[in-house]
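Shared chain: chain A. Partners: chain B in the first complex, chain C in the second.
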Partner chain A sequence: MNYSLVLLLADGDWPQFVRFWSLRDPAVRAALAGVLFLGVSSGLLGAFIVLRRLSLLGDSLGHAVLPGVCLGFLVAQAKDPRWIFGGALAAALVASWLITLIGRRSVLKPDACMGLVMSGFFGIGYMLLTRIQQLPFGSRQSGLNQVLFGQASAISDRDLWFMGVATLVIVLGVGLAYKELTLTSFDEQFAATIGVPTRTVHYLLMTLVALSIVISIQAVGVVLLSAMLITPAAAAWLLTDRLPVMLLLSVLFATAGGVLGLNASFMGRNLPTGPFIVVTLSGIFAGAWCLAPQHGLLQRWLRRRRHRLRAQRENVLKSIYLAAEASQAAGGTPPAPIAVSLARLAGYRDESPPKLRAALRPLVRRGLIDVAAEQVVLTPLGAERAIEIIRNFRLWERFLTEEASLPVDHTQAGAEQLEHILSPDLARELEARLSDGKS
Partner chain B sequence: MTRPADDPPREPAVHPPPIEVHDLTVSYDKKPVLWNIDVAFPEGQIIGVLGPNGAGKSTLIKAIMGLLPIESGWVKINGRPLARERRAVGYVPQRESVDWDFPVTVADVVLMGVYGRLGLFRRPGRADREFCANCLEQVGMATYADRQISQLSGGQRQRVFLARALAQDSRIYLMDEPFAGVDAATEAAIIELLRAMKRQGRTLLVVHHDLQTAPEYFDSMLMLNMRLVAFGPTRDVFTTQVLHKTYGGRLTILSEAAEQVAGTRR
Partner chain C sequence: MPDPSFIPAFDFYQHCVVPWTLNFADTAGTVLLGALVGVACGWVGSYLLLQGLALLGDALSHTMLLGIVLAALLTGEVSGGPVFIGATAVGLIAVLAIERLHTGARVKEDAAMGIVFTSMFALAVVLLSLFAGRAHLDAQHALFGDITWALAVKSNFLGHEVPTDLLQMAGLVAAVGLLVRLFYKELLAMAFDREFAAVQGLRPQAFRYGMLAVLALTVVGAFNSVGAVLVVALLIVPAATARLLTQRLPGMLLLAGLVGAASSLIGFHLAYWLEVSTGGAMVTAACGLFAVTFLFGPSQGLATSAVRHVRLQSRMSQENVIRHMFKLKSRLPPTPVDRRLLRRELNMPWWTLGWAVWRLAGRNMLAIPGGTSNELQLTAAGEHAARRLDRAHRLWEAFLVDQVGVARDHVHPTAETIEHLLSEQLVERLDDLLGHPVTDPHGAPIPRSVIGDQGPGVFILSKMRIGDRGRVVGLIDGGVSIAESGALAATNEAGVTGAAARATAMIAALKIPLGQLLTVVDRNAGDESWSVELADGRTIDLPHRLTDHLLVQLLDEPSPEYGDVPSGPASAAN
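The block that comes next holds the complex of A and B.
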């Protein structure tokens, strides 16, 4: 759904799509490789960033690299990746150091420190950027205007080389310090008490994050690059409660979002890649949010619906049994087969015949009843199930009045709800407790 | 340093106390919250740390664990600086100090207890896992090993923290309110566990809030209210005067309770 929206925005066409996936175009190959590197590095680090509640820090550092990029460009007087990456890395490190410093030397809380540094750096960066564009060597062809929203097709082989090395460093760093990163993310104080150098671990993580930010400037652009860190990891956290799985999913989402976004931007004739990647990632997040197994919207809706339908079915079954019982003059257990006429059942349930027929259909499908010649007959399976439900209901009702000592008129609703979810084990236990009380 | 072979090894005359706190002052933002604390805790006891809210109990525990900068004074563990005795001390933080939505299982959390022994970058092995499974067993949580930690009740979370502490296998433990918010059955199980640890000769320093149960649980008590009010064996320290001094005028019902307890002990 989200992806078709991207296609629509991209005004895509089929030949471009084929050209993209045929991988004949070297620019496409470089862009794809770059986006894969990004997916791995930011997917991995993003998980730790989100778990440590440092999402805002990722965003701040993302914006803060702009002046570094511009200064690097000014020094090299061209788009030389060594200077651009170096400048960006330096700016990110200075910014993270400043954030820590302001926090420690004032009463300001981290969010304010990050906001201050982020906007200040971005402001300086943007001033430099506009100034550069007025310089002779800073014309449009310099490609520097793409740092705001990214242009993956401008990734050169030399850029790619840097990105590959940075990704390798990040993967090795996370792999080596996995235990320390996990422990300090979960319980930093405990980590400190067993001698883990928590500050060093924090700075290591920040350095790796700065690296991953620097290599995403080309493809995603400084304005939106924090999404590369945060969105895939956030989506992954919704889907699992195991850290290794979360890391895996996060990397998967980041690379998938990168590749699909790249494809969409390519079909839109090389529009900036950043927004496309971010929109795709947001789509993945929305999907995860709806489908999440524990608290997902879809799961919750399905669970509720399943329970409601089951309760409806069981209530119908119960009413068939009770109506049949009532129509036996003598009362007691009705002789097999248990049957009641449709008209009588409709009267008993106070329901119109068409509505009753609709309510009976799911029971017929499940082989619990047969409807023939205006008679509803419980199958052996249906009779067994009906007796069980009624027994559960009565057990629960008695338990509530006798053990929980609720007045009878308070027990009905509770019993009506619970009879449907009472497991056989629990029913047996209830029975045992009630019979204990009697003897 | 060399020594002639026939020179008998010089044993220290007295065994250094497990925890010695000397003239300790701790401040937050220049405002001291603990003043000149001087105390040496005896070995092999369950020692209660009591005092009103804001008395600095957690601060004392954290300062001993090296989690807070010390303004003046020093702390020694087994006669040596903490940095050289880290493995001798286990820590049970307050339950609320971590995010229980973190994507790890109960077994993962307990395994963190052995990380201190492993050292940097080394991964726990099968023996470590088995040892941790045993620790979980001891707190009665073995069946929860694969649960995600957000699915635990408050008392179960406390037990997981205790299992992690057991996995540390230390001689000294500092515990910040291990009984907070647990039901009577869990509280009984926890105190049983602490007593078992004591029987193995371990020293336990436990922050506690309930004056009713305190005299029954602790061999010694530290009464704290920013300053050290009293420290000593429970029978000497858990008296009406000391409680009054510790809790000030705020404590009328509780001091009456203490009076009764003291009465039964006379």
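The block that comes next holds the complex of A and C.
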């Protein structure tokens, strides 16, 4: 994964790796505990954020906490978690209030309001940050620089205490309101009709999200913390349709991404944690996207390939039958061992003999045809399949002409697409509809 | 408490004049570069905003950092063609990835955007922090820019040493301006009516990729001075400010450019004063301009509409006070009214009443005979205004009952509000439509119109009530009165057409001499006709369509105060 890439690039040393995993270093222990808290809280809430399509709101609030953090730092004149968390929470709430206010009282669309508040707050916050760097207590305490991209190793015991309480609140909140959150996430209108207070649930969720954003500032930093909410949950959503499983996977991914990213940044001589965690999470997402059983790229590619190959086989089978049919002087169904010479088939299919042989090979392997002495003969199984396909094709053609009223010369293309996906049940149904539709 | 040195004392001379006198070249260069960035961002941002692409533009600007970093690592240069190509390519990949994710996989568009932008941005930051120092690229500058640093690199232009970035940005602004000029119509169509644009043969996809390229150009151009993160704010904030002020595209472009340029100037001084990042200060200045517009903007400003609301409330409470005093006149002896009685009956808080009375006294509508006492009296001007209101109120009630078919006991509340909003013309139109009624649906008298139709005391005959005496002074025709010596004559002047011309002709045929005295003796509400006794003893019936054209000078004040219905207990009802 990208993990090895990071190793390669950072030419990180193995003693650091051992030091990390032996957990002897208290700073590493604190950072790991912080990342675990973070993984649990943002994994849980992220699932609801993604389902409710609020991803960008998380992003906006993430950027918008910067001025709050800076003001909290200014008031306390030190990295006091109470002031920093308090300031961040206040800024997140003010930002979400402003987004609503500007959206309601101006012509600007909701997405523009979000972008406006987020980038504006961030710019103001950055200005405050550069101001703090000029101040004596700001340069002394370099801790504030790390709010941009996070530094998990700077998590103090007091920070950890706050993070623990916040995580507990989030877990309890999600646990207690689980049913309401689930209902409103999937079908808000239905939830409202059966008496779920949807507005209250929304505000509860927003408060919890603000809380989780605030506790991820330390480890991930304000610029990228939305990834902590969105990416693990979206990866989990690709893998399952069930919410409990999704929550579990989301927490798992968030935690794994956090720990691995932390490890990578630790080995890269304490580089900012956030980008490493986010790159790891993106790797997990990319993996899930490729390998997901239903929605994954690989599965989709395989499914499509399987379908294409089957359609090719069936087309060859059909052409053998049709070529045999055409070679009969009298017309009608060809006699029992349906056979056609290779040359004639090649002419019928307008293909070169080598290409034809290649196309015939999978059919021979499946026991549908025999090729002997320049002659292609359908086996009984092959004949049965061929007749079935021809039948499907002609049923469709007929259906499209009679029921869908397409002109006769326009039906072939449609029927050729559909013949491969006609199930036996559907074929019977079609047959019944066309009542006299025999071949 | 914050450190007192957090905000240094502001000194206009020190912070606004000195930078220009001390080192004009650098100051002008900084402000100019910032202004060029602001103008380019304002223009591109306006189109993004109108297209509803604000957030996509935001996400893409972030991802372009990856392209810039990759190109810089490969070529060792932070500006020029390769960086632009890198940024465009990465932006394109990001767009495709977002589309792929939300059409192919079941990730919603917002989440897809979030994932793509954070991944690419994080990768860029990882690369930056690993290779910081190589290729003149360090993390803080790449992300947030540094204008002084951007101005340090100079190149030769027509024999002068000019900062390279300044040249580049000037070229960029010219290019964006040229594109806007060349594709003005196409862009306009795309921004406001995509279906129309599609019908015109414009391709939305091509447009999107064109926008992407221009965006990449802008991000790359602004990279050195404000960085890849703050450029997002400069793309959206000036454009949003302009959008609040105008609905027209040229105005929006002009204003967005102005706001962008002004942000640079204000931001520079802010940064000079507080010793902060110029880019951050520029964004802060832009936010300040947005906030001012949002609060005090002429049409939608928050404070502006609050003031408008307060004004309306104040006017309504003043009008309620005088109308109530006018109504009290009919049931109380004509003595000053007690303030407490008003408060009780109007159910108004004391401060609202106090304010209304103070304003009314100032406008000479209320007299306070005892100085500061609680006794209040309507002046002639106040009564005039109250009559107008009462007339509007009762005519509206009559309209709702007669024409709309609302039940009689349901009309009062809406009339209570609308009386404040109906214009003079509208009230008179209602009066005409209802056949100039004299009582409202509750049987209370409707006050006469207080403003003459042609000069004081001159009304159309329709507005006269039983017992009124008057002298004929002319004909009215679409607002033009025609009086000739001797008798009223029909005219065939241009502009006098149709029903109006026929009506004047018919009145002329009656041969009523000008100056004729007449008295209204009866009104028939059913077919809306007026019986008029002329001075020579003749009595003629005039239908509504004729009486509307005959101008009469009302003689003596009408005897009962309200007209021809004696005031009784019914008038106190509403």
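One rule holds in what follows: the second predicted complex is superposed on the first by the 280 of 439 C-alpha atoms of A that agree within 3 Å, B and C clash if a C-alpha of one lies under 4 Å from a C-alpha of the other, contacts with A are read in each partner's own complex, and residues count from 1 in each chain.
As a convention for this text, a contact is a pair of C-beta atoms (placed from the backbone, for glycine too) under 8 Å apart; a residue touches a chain by one contact, two chains touch by 3 or more.
The model shown is predicted, which means the values in this text are computed figures rather than measured ones.
Based on the superposed arrangement, let me know which partner A:W237 touches: chain B (first), chain C (second), both, or neither?
In the superposition, A:W237 contacts both chain B and chain C.
After lining up the shared chain so the two structures overlap, which partner does A:T193 touch, if you call chain B first and chain C second: first, second, both or neither?
In the superposition, A:T193 contacts chain B only.
Figure out whether A:S282 sits in contact with chain B (first) or chain C (second), or with both, or with neither.
second
Quick check for you: in the superposed arrangement, does A:S22 touch first (chain B), second (chain C), both or neither?
neither
Name the contact category of A:S185: first (chain B only), second (chain C only), both, or neither.
first
Applying the document's definition of touch, where does A:A177 land relative to chain B and chain C: first, second, both, or neither?
In the superposition, A:A177 contacts chain B only.
Please work out whether A:D59 is in contact with chain B alone, chain C alone, both, or neither, and reply first, second, both or neither.
second
Looking at the overlay, what does A:R300 touch: chain B (first), chain C (second), both, or neither?
Second partner only.
With both structures fitted on chain A, tell me whether chain B or chain C touches more of chain A's residues.
Between chain B and chain C, C touches the greater number of residues in chain A.
Could you give the residue numbers on chain A that contact chain B in one complex and chain C in the other?
237
Please output the residues of chain C touching chain A within their complex, sorted ascending.
1-3, 5-6, 49, 52, 54-55, 57-58, 101, 104-108, 110-115, 118-119, 121-123, 125-126, 129-130, 143-144, 229-230, 232-233, 235-237, 240, 243-244, 247, 270-271, 274-277, 279-284, 286-287, 290, 294, 300, 302
Please output the residues of chain B touching chain A within their complex, sorted ascending.
62, 65-67, 83, 86-87, 89, 91, 93, 97-99, 102-105, 108-109, 112, 115-116, 118, 120-124, 148, 150, 164, 168
Under the stated contact criterion, what part of chain A meets chain C in this complex?
Touch residues, chain A against chain C: 6, 9-10, 50, 53-56, 58-59, 74-75, 77, 102, 105-109, 111-112, 114-116, 118-120, 122-124, 126-131, 134-137, 148-149, 223-224, 226-227, 230-231, 233-234, 237-238, 268, 271-272, 274-276, 278-279, 281-282, 285, 289, 292, 295-297, 300.
Tell me, which parts of chain A touch chain B in their complex?
Chain A residues touching chain B: 51, 176-177, 179-180, 182-183, 185-187, 189-196, 237, 240-243, 245-246.
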